[in-house]
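Input: structures, listed below.
One chain, subunit A, appears in both complexes that follow, with subunit B as partner in the first and subunit C in the second.
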Partner chain A sequence: MNTQTQTETVNKDQPSFARLRNLWNDYLPYWFIAPMVLVMVMITFFPGAYDLYLSLIEEPTVNILNAEFVGLSNYETAFTRGGAIHSFVITITVVASALLLESFLGFFLAALVAGVESSRAKSFYRVLFIVPMAVAPVSLATIGRIMLNSEIGVIPYLIETVTPFAAPAFLSEIPLLTVILLDTWNWTPFMFIIFYAGLSSVPGTLIEASRVDGAPLWRRYVHVIIPYMKPVVFVAVLIRMIDLFRTFGVVYGLTQGGPGTATQLVSINIYEQMFINNSPGVATAIAVVYLVFVIAIANIVIAKVGFEGVWD
Partner chain B sequence: MTKEIDRRTLIKTATGVAAGTALAGCTRGGGGETATDSGDGSGSDGSGSSSSGEPPIPLSEYDADIDWAQFEGSQINIGAVQHPWVEAIKPAIPTFEELTGIDVVWNILPENQFRTKRQTDVSTGAGQFDVFFMDQVVNQYREEGWLQALDPYFNDSSLYDEDWYQPTDLFEASRWQAHGGGFSENWTGLPITVEVQTQFYRTDLYEKHGLEVAETLEGFVENAQAIHENESDVVGTVGRGQKGYGMNIYVLNTFLRQNGAELWSEFPSDSGLDSQGVIDAAEWYTSLLRDFGPQGASTQSWSDVLSTMQEGRAGHIVADANLFWPGLTGSDSSVADNVGIAKVPSPSDGQFSPNAYNWQISTSKNAQNSEQGFLFMLWATSEPTNTWMHLNNEAAFSVRQSVWENDEFRSRVGEDFAQVTLESLQAAAPDPFDRKYPEWGQRYSEELQRALAGQKSAEAAMTTAAGISEDIYSE
Partner chain C sequence: MATQSQDIDSATGSQWLDKSTQETLVRIGRHGLLLVWSFIVLFPLYWLASMSLKPPGEANALPPDWIFLPTVYNYIQLAQDGAFLAAFANSVIMVGASVVLVLLIGVPAAYVLSRWDIPMERDVLVWILSSRMLPPIAVVIPFFVIFRELNLFDTRIGMVFMYVSINLSLVVWVMKAFFDGIPETLEEAARVDGATRFQGFRKVVLPAAKPGIFSVAIISFIFAWIELLFGLVLTNFNAVPVTLFVYSFIGSRSIEWGMLAAASTAMIIPVVIFLIAVNKYLAAGLSFGVVIKE
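Then we have the complex of A and B:
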């Protein structure tokens, strides 16, 4: 009797076990990536959803159980007295200017170093040009404040000693330009490294062929080298652009977004709304709009420039 | 069997690591040992007692009509920022622990992290901190219902003895700020430190140019001009220009009040920022810094001001915290022997009322050990503890007049510094931190910074600031 019952149970279980095994085998790749998907949901989706939730409740409070929904009121505040539009304009100015400068300078330096024949000299320049990238944003801001200080800074001193011009008050007279130039100094090495790698990958035979055909240097770059490097340029610009949208530390350390709000990036505006004004609702409202804005810009760039040649 | 032991060991280790991580930053008593040292959660005894076993301050100093030992065996959590006050009081904590039998656990964090942690603690009702540092957000917290008024404890005869505590020994400005800066009739906490604005000047340059220390605004401008125009590498004066409610407006508020103006002449409908007194003060301050200050004065933070003076590149600091004194006269200063301290200048027809700032300690409505916390506040701000802290440490921020009058203390910090600070504190008029002060203060400081940078006139800046501030309250 007992034996018979056991046999029946085994027979009953076999199909369901087989089903499970089939389910496991059929979706094997999905099971493997499931933990990672779960982690991504936890670290990306959940904070995003929580941000959205905070942007819709009354401020200031972090006690979500007692929070009162206020619709789009925080968004209205963000774009009126919160100064969100102004900070978007400042951010776009900084991103566009710094991206252009860093791309041109990075490419120019990469082309110069690629043209150096001595391998020792090449190594020296490679190391020299990537040093600024190693400086941490807060350190850069602190050093920058001291070096640009009109009374004790070395840069105004050098300008006034070496040139016939009076040094400007960098952080109060030309704060936005100063921020752009400092970021350019800090991050041109990133573009340099990627462009240098891209230039090194251009087949020598292609360049040689264009030279034999009588193409001058500029035509070799415009018609041969740059088109060949298009995927590299695209990836470098896209990564740097997204990173520029996230700029905070160096500008906050340097100017705190001032004078007034002359260098108030969106990231600084969000920080001030959150930690100075104690307005999490307004801060998260700006953050939500900013996130959508950056995703949209990145997608437009991808759609316009395309991924051809990037992934394949 | 081996497997079982390994698993237990693993669990114990993991638990220890997790507990260690969770408790990182917590220290007990005055010794500064980490709570994880003991491993069993009870922590070290935290005794910082002397080798003889005697507490640092004799218990006889606390002979008051207070039942100090009524909560023996309990524990309080203190939320604090990394601040010299903490360093000065920590060695005295064994006295409190022996007096009351209450264990003290510190949760010390950098200022920004502490602010976030504090807000989370009180707004979620967690009540982890029984006592915590409180600053400009006092009225925001009070109106949200997060702070607990201390008056019921002051009225409890087992917790308070007025004759012993001597509340009138606390500076009036400190008591006023502890009452929400005029916005509350109740004690919102007890003041622990105070700083007041004073003027600093170069004695060698004064002697060289035959200058007298200025008591009036006009006299100050003349002195600044004399140095600015006659010294090649030295500017006439420096002052805070950077935006932030603890930056440029902290200094400007001294001068606007001395002009007879006030913030929120009618709360919350009239900010007073576009009144003539404020505009005059803003014009005076902006023209002073733009004419006789460093280039880029609008971006100078307090640390820039201090370092410019320490480097010998400025003739004066027009007005800033008296706590600059050790930095200006210490080994880091190249002009240590040539710096003088004086009261901030005031209008010839105005009043002397420099700005001051207090840190206070408060307790929240959800704190689990508020009564024990109150005993701690009382002990920490009492005359014996204050005097001990200021005679046995580098501290110079007492909220008690008796400390500033103490001969031994005056001899340690210097007679000039002590006397100027004492007189300034007696006349001080701190900022009233209404519940939206951080928000409108930030915008007001941005407008002042624009004026200092030359982007607009002082009058236009203050008029804009007034509109913004009133808008913030109109919603």
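Then we have the complex of A and C:
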């Protein structure tokens, strides 16, 4: 109120530029936060509401604004003929196994690098190990197609010439495992770099103290070091989990969800329902369920582990 | 202190080895494991790069030509491929513009979240994070419909907006954490000297937050650069990003492996350089600001 009257009186005897400047400075936090709020509304509430709307109207619809509501029939189609359940199972399998693998491998590597004595070797490993993150998932799919190809791939070739085993057909016999392993190669660096930073923040005196107790190595990690860096572990796992639910490029580039529907993640199922089957109602029905599912899981994780000590 | 604890350490450990042998074994084991992972990291990248440098026809020879005369033939082919150049330029322009825009939107907002008392601040922060939880495929369908109405389909502007949507939550979170770490007394001193709030932000706070801005810019660049889905759904000719170019290569019937490898290599190299440049602050950025110091 006060500032408003101020700018009005200033208006009389000052050029409009100064008036604008006062308006800018008096309401600075509003100007600063408004664009972010606007964009956030556009990328959260709008898509959520629009997905919900599209999932409840009849399809295919030419005139979206005058379409007839069909209740939950699109949802029924999605979960009977649409393969939604299957793609949820595939997604959960990929997310859970990749998350476990990347967490353990990332932590193990971080602990190994943290123990390296020479600081030059340490920074060498630290920089080298983040490089896979530079590879776009779709490029990784390219590399996978080249190196794992049963006829021309170097990895099946090496397996068959160096070891006594027959090489599996990575893309047709074990496509799901291949996807998980490729993602692990791609994103273990994410876990590694955060865990490494977390390990470096553990005070040396704490490690010393646990050593004096004479506890074996693994118990020192489980009972002293990991509890100390719990916020870091929590946030790394949470963010990686959220991002794993976004996985698309590596699978789409590698197998397009196939062979058959063996690697059909929910995101790929939705994509195909929408753009190949031209079935926006079914696609958005699955999208709404997926959206609620991912947000619910993330919020359960946040609530279980607790915000305290992490972001406060 | 250190030697004492090590004594206890080896005493409780295996007693059949003396201390120095045990330490040497640990060191060898550690470096052995690290070298194995280094090999796993490097081999696919080496393979891709070497494939891009082999003459056509030799790219897929089995047994592989471990020793060969490198040629830039594939890169010359690529440089003459208008579609690749256009896609690469598109990606540079669209991703670059999106990073500038997301910083302009996100950094001031993070400053407000850090300095002012916002009602329900935690809920606001979780809401911002939730934009990252929305699966991109669920977000892109409404935008596919609306972009066609607004003539934003297959335009760079539309893609820039989508790239902003990927990174806004990251920028706000990381920068809020950075601003929290900058003492407020700095701006107060500036304001005592007669600076306005905005000047205090621009001349005092922003310079102090430079490392944070730099790292969050690069991480935003990478997340947008590697994105495939938005390009796949929202472009078909004019605004095709380089990821979609690489993908369309895979889709075509007769794959020119050498050129595909060259395109992928060209796409990876700038990002590797960026990552190495920012590696000190990478953890702060990737952990949404939870880790600030290493």
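Here are some notes:
Note that in this section the second predicted complex is superposed on the first by the 273 of 312 C-alpha atoms of A that agree within 3 Å, B and C clash if a C-alpha of one lies under 4 Å from a C-alpha of the other, contacts with A are read in each partner's own complex, and residues count from 1 in each chain.
Rule of thumb we're sticking to: a contact is a pair of C-beta atoms (placed from the backbone, for glycine too) under 8 Å apart; a residue touches a chain by one contact, two chains touch by 3 or more.
Just so it is clear, the structure is predicted and the values come from calculations on it, not from any experiment.
Of the two partner chains placed by superposition, only subunit B is touched by A:173; subunit C is not.
In the superposed model, A:203 lies in contact with neither subunit B nor subunit C. Touch criterion met: A:278 reaches subunit B, while subunit C stays clear of it. By the document's definition of touching, of the two partners only subunit B reaches A:255; subunit C does not. In the superposition on chain A, A:152 contacts both subunit B and subunit C. Look at A:245: by the touch rule set out above, it reaches subunit C but stays clear of subunit B.
Between subunit B and subunit C, the partner in contact with more residues of subunit A is C. In the superposed model, A:227 lies in contact with neither subunit B nor subunit C.
With both structures placed on the common chain, the touch criterion links A:236 to subunit C but leaves subunit B unconnected.
Common to the subunit B and subunit C contact sets on subunit A are residues 145, 152, 275. Subunit A contributes residues 21, 24-25, 28-29, 31-33, 35-37, 39-40, 42-44, 46-48, 50-51, 54, 64, 109, 112-113, 115-117, 121, 125-139, 141-143, 145-147, 152, 154, 157, 161, 185, 190, 193-194, 196-198, 200-201, 208, 211-212, 214, 216, 231-232, 235-236, 239, 242-243, 245-246, 248-249, 252-253, 266-267, 270-271, 274-275, 280, 283-284, 287-288, 290-291, 294-295, 298-299, 302, 307, 310-311 to its touches with subunit C in the complex. Contact residues of subunit A toward subunit B in the complex are 60-63, 77, 81, 145, 148-152, 156, 167-173, 175, 255-262, 272, 275-279.
Across the interface of their complex, subunit A is touched by residues 1-2, 5-6, 8-9, 12-13, 27, 30-31, 33-34, 37-38, 40-42, 44-45, 47-48, 51, 60, 62-64, 104-106, 108-109, 111-113, 115-116, 122, 125-128, 130-139, 141-146, 164-165, 168, 172, 196-198, 201, 222, 225-229, 232-233, 243, 246-247, 249-250, 257, 260-261, 264, 267-268, 271-272, 274-276, 279, 282-284, 286-288, 290-291, 293-294 of subunit C. The touching residues of subunit B, counted against subunit A in their complex, run 112, 115-116, 119-120, 123-125, 137, 140, 144, 235, 241-245, 294-299, 304, 307-308, 311, 313-314, 438-439, 442, 446-447, 449-450, 452-455, 468, 471-472, 475.
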